[in-house]
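A, B, C and D label the chains in the order they appear, each numbered from 1.
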Amino acid sequence: MSSPALPIPLRGIIPPMVTPLSGRDSLDVAGAERLVDHLLAGGVHGIFILGTTGEAPSLSYRLRRELISQVCRQVAGRVPVLVGVTDTSYAESVQLATYSADAGAQAVVLSAPYYFPAGQPELLEYIQDIAVDLPLPVFLYNMPTHTKITFDPQTVQAALQIPNVVGLKDSSAQMIYFHKIRAICAERPDFSLLVGPEELLGESVLFGAHGGVCGGANLFPKLYVDLYDAAVAQDIEKVLELHTQVIRIGRTIYSVGQHGSAFIKGLKCALSCVGVCDDYMAEPFQRFRPEHRERIEGYLAELGTKN
Amino acid sequence: MSSPALPIPLRGIIPPMVTPLSGRDSLDVAGAERLVDHLLAGGVHGIFILGTTGEAPSLSYRLRRELISQVCRQVAGRVPVLVGVTDTSYAESVQLATYSADAGAQAVVLSAPYYFPAGQPELLEYIQDIAVDLPLPVFLYNMPTHTKITFDPQTVQAALQIPNVVGLKDSSAQMIYFHKIRAICAERPDFSLLVGPEELLGESVLFGAHGGVCGGANLFPKLYVDLYDAAVAQDIEKVLELHTQVIRIGRTIYSVGQHGSAFIKGLKCALSCVGVCDDYMAEPFQRFRPEHRERIEGYLAELGTKN
Amino acid sequence: MSSPALPIPLRGIIPPMVTPLSGRDSLDVAGAERLVDHLLAGGVHGIFILGTTGEAPSLSYRLRRELISQVCRQVAGRVPVLVGVTDTSYAESVQLATYSADAGAQAVVLSAPYYFPAGQPELLEYIQDIAVDLPLPVFLYNMPTHTKITFDPQTVQAALQIPNVVGLKDSSAQMIYFHKIRAICAERPDFSLLVGPEELLGESVLFGAHGGVCGGANLFPKLYVDLYDAAVAQDIEKVLELHTQVIRIGRTIYSVGQHGSAFIKGLKCALSCVGVCDDYMAEPFQRFRPEHRERIEGYLAELGTKN
Amino acid sequence: MSSPALPIPLRGIIPPMVTPLSGRDSLDVAGAERLVDHLLAGGVHGIFILGTTGEAPSLSYRLRRELISQVCRQVAGRVPVLVGVTDTSYAESVQLATYSADAGAQAVVLSAPYYFPAGQPELLEYIQDIAVDLPLPVFLYNMPTHTKITFDPQTVQAALQIPNVVGLKDSSAQMIYFHKIRAICAERPDFSLLVGPEELLGESVLFGAHGGVCGGANLFPKLYVDLYDAAVAQDIEKVLELHTQVIRIGRTIYSVGQHGSAFIKGLKCALSCVGVCDDYMAEPFQRFRPEHRERIEGYLAELGTKN
């Protein structure tokens, strides 16, 4: 399959797609298909599979490959497909990236190996080495809460010298860090700076981000696309109005559970409530019980007419 | 292959074997063989492969399986072989455990899935679920610095009800936690409480631990076996003397590097210096450069006659 | 002295004034006077003394009282004076607040007692109790990096019911938290939400903050006032231009030192370089040595013509 | 008053005395007197007032001075009195130390200034400076959970050169750290290494500590003195028996509350139950409510006959 070119720099809303599951090691094939259709219908600018929201580290490699193949086949080049290949094992990352390239994906997304705590020089050397072995353009993925390490500004600065590193997705939720990185990246206009947390999409795009990897766009893709467009157009009133809706989603749908899993559980439960896909969660998580699902349904009813 | 029975409770020194590598995805086969011989000659009571010291998360599954096969074949039931099967993916953990059982291993060691931060109820449910699917006795592995989650005392208490959970390896280095866990475990005399950090071996065994998973035992197996024996015998003078040597190793061999990797790098470098195996490190780490290696050689010369 | 009324809600730039010192326990009286003049000339909307930037916890109570008296006398009601009364001791906080009221200050700023880690119910009860005993309007001060505790959203929501709690200064640098707090505070229009980190001033004001407590405003008060005005006016181009200057200050003046003290040391050194006040630092910090001072001078030369 | 000499090195059980209070800013004078008598009757080797367990940072300076005077007068040189002078303000620390010397105390205990996060060079310079200005021998106090900074081994090593720094109280609960510090301190035989957490008293003394600053010794002074003596005598069976009682206290008396304050609240409540002193807590904490007090009473009944 010949892959269409990746827009340089990549801009817009690239949802981190949830991975619909129908059991412990089985993909919800029909759900995944409906979800991709739902995203494309919402006008998204790319699809990022096998990220944190996609529960990638919890999935078997077999299932990951199945998902890559299915999504690439279905999307068929209409938007870029980015594949998360973050792994604690160098060899497994390279294998998954090679598989992704063969399947027709446009780019890979790579965070730090997340078991061992590394120093910045070790992290940089890792990126420099593996970039050579990855057959697709690479987006770095700053996700310190899960990987225990930040891509420090000087590490990002050095990584800008690696030709096939084409962007950074910052999920640190640290806007001071974001502004520093943006200043550093200004020297490479083809480099795409994307922001993870959807609550920060508006301000990030106003202040120079190229787009967002918003989990909520699985549910309400058009809302995030509209917010992105409003920020690009510097239409502040519109940004504030849509941003307020995003914050409301965070204070409702993502706030039902008690633990760190609340965000993904809420999102997957909501997608199940609206008929997109199954809410089966990969271990160590479990889908919401009925009383929690009812709260999600209630919130969706409140939110629904507006999105 | 029929596996010999696992001693209940497991006692003694069970070194977390380093994984000798000769390249990015290739096992140093001869080095691994020499290392196993070296450990057995030192009198260890078991061998734990594919733990943190074994760089397991950094290795490909293929290489992990190769190591499991080789070590089980070579040990041939002389001591129990424990295999680390901690993984972010439930399915991959089960597959590796099944492979280990088939290869003749005696037990598996399992920590928490370490990408997503889970709550204690989620962690407990995970352990309860997966224990059923693991075909070997299970040692829990408390390693919060790397997994971001502690097995809280009430979670351990609940896990004591799971029949094939037969022990806990505590690598938290938190002795107050250790004492609480020991009080809890007292109700199940077949349950083995092992301690990770070798600097805490002496006091842990004096205060009720059944043994230690000491990284330094890769290098000096007899030292740690002697320290264990002295603690079991409550020979305090001997404990203090050997403990002082352990602390000296920590302040020399493990203190050459600057980052969190200093311990494993120093250990592997020292094993290379004494001719046991290669010092190739799995990414994201790199072997010591010559000037650091020279410092390790110097320290070994100082330490060597005593161990 | 009769105090002029505090604007409700308080809006604008309220610099956290550095405390000019001429020795270990002596105020740089002339420097403090020049600094107040410099701030007022820059158009600031209030002055916050004895905050973190003011090194308050490092000062003796005697010196704190001297500063309160001098600043209140000099400002003479032209802008509100806010006094930091955060303390580990309830009694000392109340005494300092009483002194501030007598000296003519308009409000006090109060964070959590910062030695003992408290739970949220304990924090809320503390705020409810002490607010009754404080004779001035109270701004809560969210500063978790230094106090080890966050004012959780539900604690802020409960604190909104306390009549003389009139605002919150958020120095967490967590914009997701900020957006949640803003949504909560929307129910009390007289409540002032101020942001600490100057790198976040632009976006905070665009998204609903009433103003900023910007350390850099000690040096360049007009820059921050202009940035605030541009954000209120939704003049995005102007916001981005001035924000870029703020980020540049952070990457130069505040980045000379190696430790957490780099920000205050850099700021005080720069104020000394431009002739405003002495750069003596309260222990445990020390003023920059000559080579660091030269770097600050160089940065000021680069920045200076623009601010 | 002429102070008796401080034993060099200081050895034994030096309880961190709770501060009996009868109201927000009033000392429970009679309770404090009974508590001192109780401690001395239990055979303690010193009394440490105004530490963490003494809620020192939460008390007014006036009340602290009142306590210093009363305790020094009552103890009258029978055992050394150590006074906590840790403060965020250098000047206040020195003033309190001067007051303590005048009152007849034998030593002061000093941790890091705990509001601002300092670097190790800053911490060392602070210690070097202030030691000159403190009129009594100084014990350093490693308490990173509350002060946010550890006395790193190299900082301790440098501090050993300061003549009037005569010991270190380690409350980090990190036994690996303890063993490293002990190795470092071996070069200065007059230097006293004391351990904070009572759960670690047994092993610490066995491995070279000179004694313990055990909070539980407020309640059961003889238990901790006996445990210390058993450890000095290397009577392991006795150590284990008494250690088990200490762990049981931790799992009962200190485990009633939900927050970090559980230890001090439980201790003060228990002292009130047995008639020693009031259980009034300094803000931000509050004494236990009746249902929690009943649980403490129940635990005391279970424990009581044994201690």
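The criterion applied here is as follows: a residue touches a chain if its C-beta (ideal position, glycine included) is under 8 Å from a C-beta of that chain, and two chains touch if they have at least 3 such contacts.
No experiment lies behind these values; they were computed from the predicted model shown.
Novice: On the document's contact criterion, could you list the chains that touch chain C and likewise touch chain D?
Specialist: Common neighbours, chain C/chain D: none found.
Novice: Compare the two sides of the chain B and chain D interface and say whether they are made mostly of the same residue numbers, over half shared, or of different ones.
Specialist: Interface between chain B and chain D is built from largely the same residues.
Novice: Determine the centre-to-centre distance between chain B and chain C, using the mean Cα coordinates as centres, and give it in whole Å.
Specialist: Distance between chain centres: 50 Å.
Novice: Determine the centre-to-centre distance between chain A and chain B, using the mean Cα coordinates as centres, and give it in whole Å.
Specialist: Roughly 35 Å separates the two chain centres.
Novice: So which bits of chain B are touching at least two other chains?
Specialist: As it turns out, chain B has no residue touching two or more other chains.
Novice: If each protein chain is taken as a node and each touching pair as an edge, is the resulting graph a line, ring, star, complete or other?
Specialist: ring
Novice: What chain-chain pairs meet the touch criterion?
Specialist: All touching pairs, sorted by chain label, are A-B, A-C, B-D, C-D.
Novice: Mind listing the chain D positions that touch chain C in their complex?
Specialist: These residues of chain D touch chain C: 24-25, 52, 55, 57-63, 88-92, 95, 112-119, 121-123, 125-126, 129-130, 145-146, 148, 258-261, 282-286.
Novice: Flag every residue of chain B that touches chain D in the complex, lowest number first.
Specialist: The contact residues of chain B facing chain D are 173-176, 179-180, 183, 197, 199-200, 202-203, 206-208, 234, 236, 240, 243-244, 247-248, 250-251.
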